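Next up, some structures in structure tokens.
What follows is a pair of complexes built around chain A, which joins chain B in one and chain C in the other.
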Partner chain A sequence: MNNETILQVQGLMTEFRTERGIVNAVNDVSFSLERGKTLGIVGESGSGKSVTNLSILKLIQYPPGRITAGQVIFKGENMFEWSEEEIRTVRGKHISMIFQDPLTSLNPVIKVWYQIAEALRLHHGMSKKEAKAKSIELLKLIGIPDAEQRADNYPHQFSGGMRQRVMIAMALSCDPEILIADEPTTALDVTIQAQILELIKNLSREKSTSVIMITHDLGVVADMCDSVCVMYAGRIVERAAIDDLFYAPQHPYTRGLLDSIPRIDRAGGSRLHTISGAPPNLIDIPPGCPFQPRCEKAMNICSKQSPPEFIINGDASRTAACWLHAKEYNNG
Partner chain B sequence: MTVPRLFKNGIAVTGLVIIVLYVLIIIVSFFWLPFDPSEMNSQRLLEAPSFTSGHLFGTDEFGRDILSRIMKGTTVSLVISIAATALGASFGILMGIWAGYLGGRWDNGIMRIADVLFSFPSLLLAIFVMAILGENTYNVIIAIGIVYIPQFARISRGSIIALKSNEFVRAARSNGAGRTYILFRHLLPNSMAPIIVQISLSLSVAILLESALSFLGLGVQPPEPSWGNMLSSARKVMMLAPWTAIYPGLAIVTLVLGFNLLGDGLRDILDPRLRNVR
Partner chain C sequence: MGRYVVRRLLSLIPVLFGVSLIVFFLVRLIPGTALEMYLGTQVEATPEQMEELKRIFGEDKPVPILYLEWLGDILRGDFGYSLRTGRMVLPDILSRLPLSLELTLFSLILALLIGIPLGIASSLRQNSFGDFVSRIGGLLGLSLPQFWLAALMVMVFSRFRGWIPMGNYVSFFDSPLQNIKMLFFPSLAIGIGFAAVVMRYTRNSMLEVLQMDYIRTAKAKGLKKPSVIYFHALKNAILPVITVTGFNAGYLLGGAIVIEEVFALPGMGRLALYAIYQRDYPIIQAVVMVIATLFVVVNLITDLVYALADPRIRLDDVVR
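Then we have the complex of A and B:
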């Protein structure tokens, strides 16, 4: 496999101006995505996962949101220097998104086939007839029975799982190079979740689409991803290849997350581990590490200075933003 | 699904039947009228309705057949009401949806213009516009249209604002859709329900406004018959010959009732909150 980097996000900062102050939703986030690979972005609600990915396509509504710094380099070009029209030619064609809630992400008054064909019509100027034929093909591909009849249905005539399939068909209609899936299974029940994930996995493998999988479910990450970024309070606190993350977590927050998963192989009776406290208010982030108030291993420096990302074992794709990994504190 | 539900709703069907009846009258009036509506007959002034004379609704102070004049006036009233509503709705909706969608300064600017228009009572504003433009049939359409612009602007702005934060708008943007596309393909079709109801109710108010303007002598000018100017000329002879006022009045009342019933019925059908009340 060639390790061609298709998307690179550098130093991304996104803020929201609210009445109570400026919310730094994304704070200096950098990552890169390789062709054909799946990158997981994990974090709890409000950690900035979705905003990061909406920022990539500049889908943040200007008031109140604003991207204040950073670069998004797609195939060697910085998309943030492009005009709105130029970015529009990328959206849905080269980079497309699947949203969390299939119930509200489809327009209730537009027929299903037309919504699937929207990107095709916008980007390739397909005629209605061609577009409809293509959507029926896509409906078959995602496993909707009676695709010919179902194409003329409205979204409310579809079940939740089928609607999420339709969203996938919509996102994949133009054979994008990158698929951003923003918690694609959160609104679905467990059996459907597995089917949807399988579908995304198979389709992306077939077309060697790169996937950014945003989720708070570590099970999904283990199942789908090649590498993972863990986000906390708008920053990436740890990045790792999938196995390294689960077998050797380096950041206390990641360790806490992993310990919070109920395990079938562990002796019963013991209480489930939780991370005490709540995520910090992003309006005025205290100096130092944002995880420090909740951290079991907090040291003096943690409340004073924000840790940079420390490279672990000399592998640049393996980092943890924690003072425990600084040379002067790292003595075992 | 909406069409069959329309026919299950008794109120809407009643309204629709009345309107269809008037449309039939218009069609008939193009080919056949009992008498020439502008032919005066000094032998038959203010004749009471009777079968034998052929004047089913009687004659007016110039001996003209009232039924023929009402039939001819139906075209005038309905055409004015439809054209004025179309004019007001298209400008109002365009202003409203852009204001609602763009928000901020645009919204403020557009809606303040609408507020200025809104601050006059409808009839007063219509009279004001007629006074500026001059009295003729086309200007009645413009005057009533202007009265309607702020009403449509408000309704469409409101529903666009409620809709634009929907997830499907973001999904469309992530597909590469532009502003105009999203507004007209995604948002406008979703906001049609309140707009359709408003159109139906506006048609009825337009009939009243047109009659009122013609009654005051600002609208359709005699000898061209309109229900409003028929009532106006009947004023002087109403006590002697009540039919001169009763029949044009009835025509106005029933057509207005028809549009109102249709509007009420449509609102019941299209408003999901009222859907299961009955």
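Then we have the complex of A and C:
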């Protein structure tokens, strides 16, 4: 298995200027994605996972959003040094995205085939006719029945699951190297969720597409990902290979998340665990660890100084940003 | 679609019935009857002569009876004769209708040509100096009365510059250039207020649409900025503009009535205006009926255009 790194995000900072102050949505986030692998980014709403990924393609709307620091290295080149025009040629061709709500993410007044064909015509220079044929082919591939007829439909004539399939066809039309899926199943029924995940899994495996799977659903992570980053308040608090995360979580937040999953093997009647409190306001992040007010294991230092990412067991891809691991850090 | 059009056209019947009722009684509420306006204050007439005049002017019977008679006449397509000229009403109106329609259409086109591009430009540079200027301009355009603007144009462009050709009206089909020259400033005077409305609607609608998820999708596909803005965004943002255009087409027709007078254009509006001065009831009534019909037809056209532009609307389902 070759472990070529295809995308590297380093020290990314993204802020939003609002009337109440500056929101530090993404605060010094770094991660890397290997070719053909699936990386999960988990976190609750507002933890900065979507903003992180929109920042990669510079799709943050300015104003109010602004990327203030960091690099995104795609195949050895820092995309943040490129012009807007150069980044545009990467979008949809090399790196494409699937969004959360397929109803609002598809243009309501443009025919389905045309929306799929656009990227093909732009990036592959296909004629309208070729692109339409290819779009119908893609619709068949993603499992739309009567694709020839349905191609001329508009998004509102499709069901939620079919719309998300269309989004997938659109994103994969140009065989991108990286697919960023931003909560692709959140707006869908549970039965449809499984089908959509299966579709993404199969298609990405076939073309060895790398996937960044953004979700708040640990079940999705377990199903799809090779490795995981857990985000909290705009930073990555823990990163791990998939098995390590579920069997040996190191950060109290991750542990809290895992304990909050209802489990079939645990005795009934016991109350489900919850993490008390609420995520911090990102406008005035207090000094120290952002999770400290909710943390069961908070120590003195936690409220004073923000923990760096400590490497665990000498493996650079296994980290936890928690003072509990300071000793290992000092020793190792 | 066809069924929808037929149903909407059938709705003309109750509308026109209501309008006929209102206009017939309303024009008779204006102080001074047609006969009084005709006679003025100086003329002396014997009682016998007065009786005869009253009969000619249709004032010898109670108003409800007169209404029923008139209704019967127009159902047979007879709109009667002008009380002043003695000419048949309908041919007079129909011969003047094309000018009024042309004026309305030109002002509509001008307003859209001015309003939509300015609205788009403004939305793309929200809160910039240019946006500010065009919004102030929009406010001014809305606030200036049409007749004042028209009078100003006549003074500046006609008297001092000679840009507005004088003389008799030339039909578009006889001499397009001369026709457009004649109608450009009148159309501008009528349309400028509506251009401001269009500009503001386009701007607000674009600002809203540009925030939508599907615009982000379009950008994520790598589309170039013009195709994101002029295709993905505008195709959605234009929908409210279509609606407001439909509402305002009737208002523009009303504007034409006054402006025709200022520019001395022989349209239907000018005919109506003189008919009102002279209480020429048959003409006033017929003009209002024609305008009401146009209004319904314009609204129908608006709905059809809207259905074409927005695939989510299916007209056959909307009909109650």
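Here, the second predicted complex is superposed on the first by the 327 of 332 C-alpha atoms of A that agree within 3 Å, B and C clash if a C-alpha of one lies under 4 Å from a C-alpha of the other, contacts with A are read in each partner's own complex, and residues count from 1 in each chain.
Everything that follows uses one rule, which is that a contact is a pair of C-beta atoms (placed from the backbone, for glycine too) under 8 Å apart; a residue touches a chain by one contact, two chains touch by 3 or more.
Just so you know, these numbers come straight off a predicted model, no measurement behind them.
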{"item": "Combined model on chain A where chain B meets chain C, clash or fit", "value": "clash"}
{"item": "Which of chain B and chain C A:96 touches, first, second, both or neither", "value": "both"}
{"item": "Partner chain(s) touched by A:220 [first = chain B, second = chain C, both, neither]", "value": "neither"}
{"item": "First (chain B), second (chain C), both or neither touched by A:156", "value": "second"}
{"item": "Contacts of A:275 with chain B and chain C, given as first, second, both or neither", "value": "neither"}
{"item": "Contacts of A:118 with chain B and chain C, given as first, second, both or neither", "value": "both"}
{"item": "First (chain B), second (chain C), both or neither touched by A:240", "value": "neither"}
{"item": "On chain A, positions contacted by chain B and by chain C", "value": "54, 57, 59, 88-93, 96-97, 99, 101, 104-110, 118-119, 122-123, 167, 170"}
{"item": "Residue ranges of chain A in contact with chain B within the complex", "value": "54, 57, 59, 63, 85, 88-93, 96-97, 99, 101, 104-110, 118-119, 122-123, 167, 170"}
{"item": "Chain A residues within the chain C interface of the complex", "value": "54, 57, 59, 61, 88-93, 96-97, 99, 101, 104-110, 118-119, 122-123, 154, 156, 167, 170"}
{"item": "Chain A contact footprint on chain C (complex, rising order)", "value": "211-214, 216-224, 227, 231-232, 235-236, 239, 309-312"}
{"item": "Residues of chain B defined as touching chain A within the complex", "value": "104, 166-168, 170-178, 181, 185-186, 189-190, 192"}
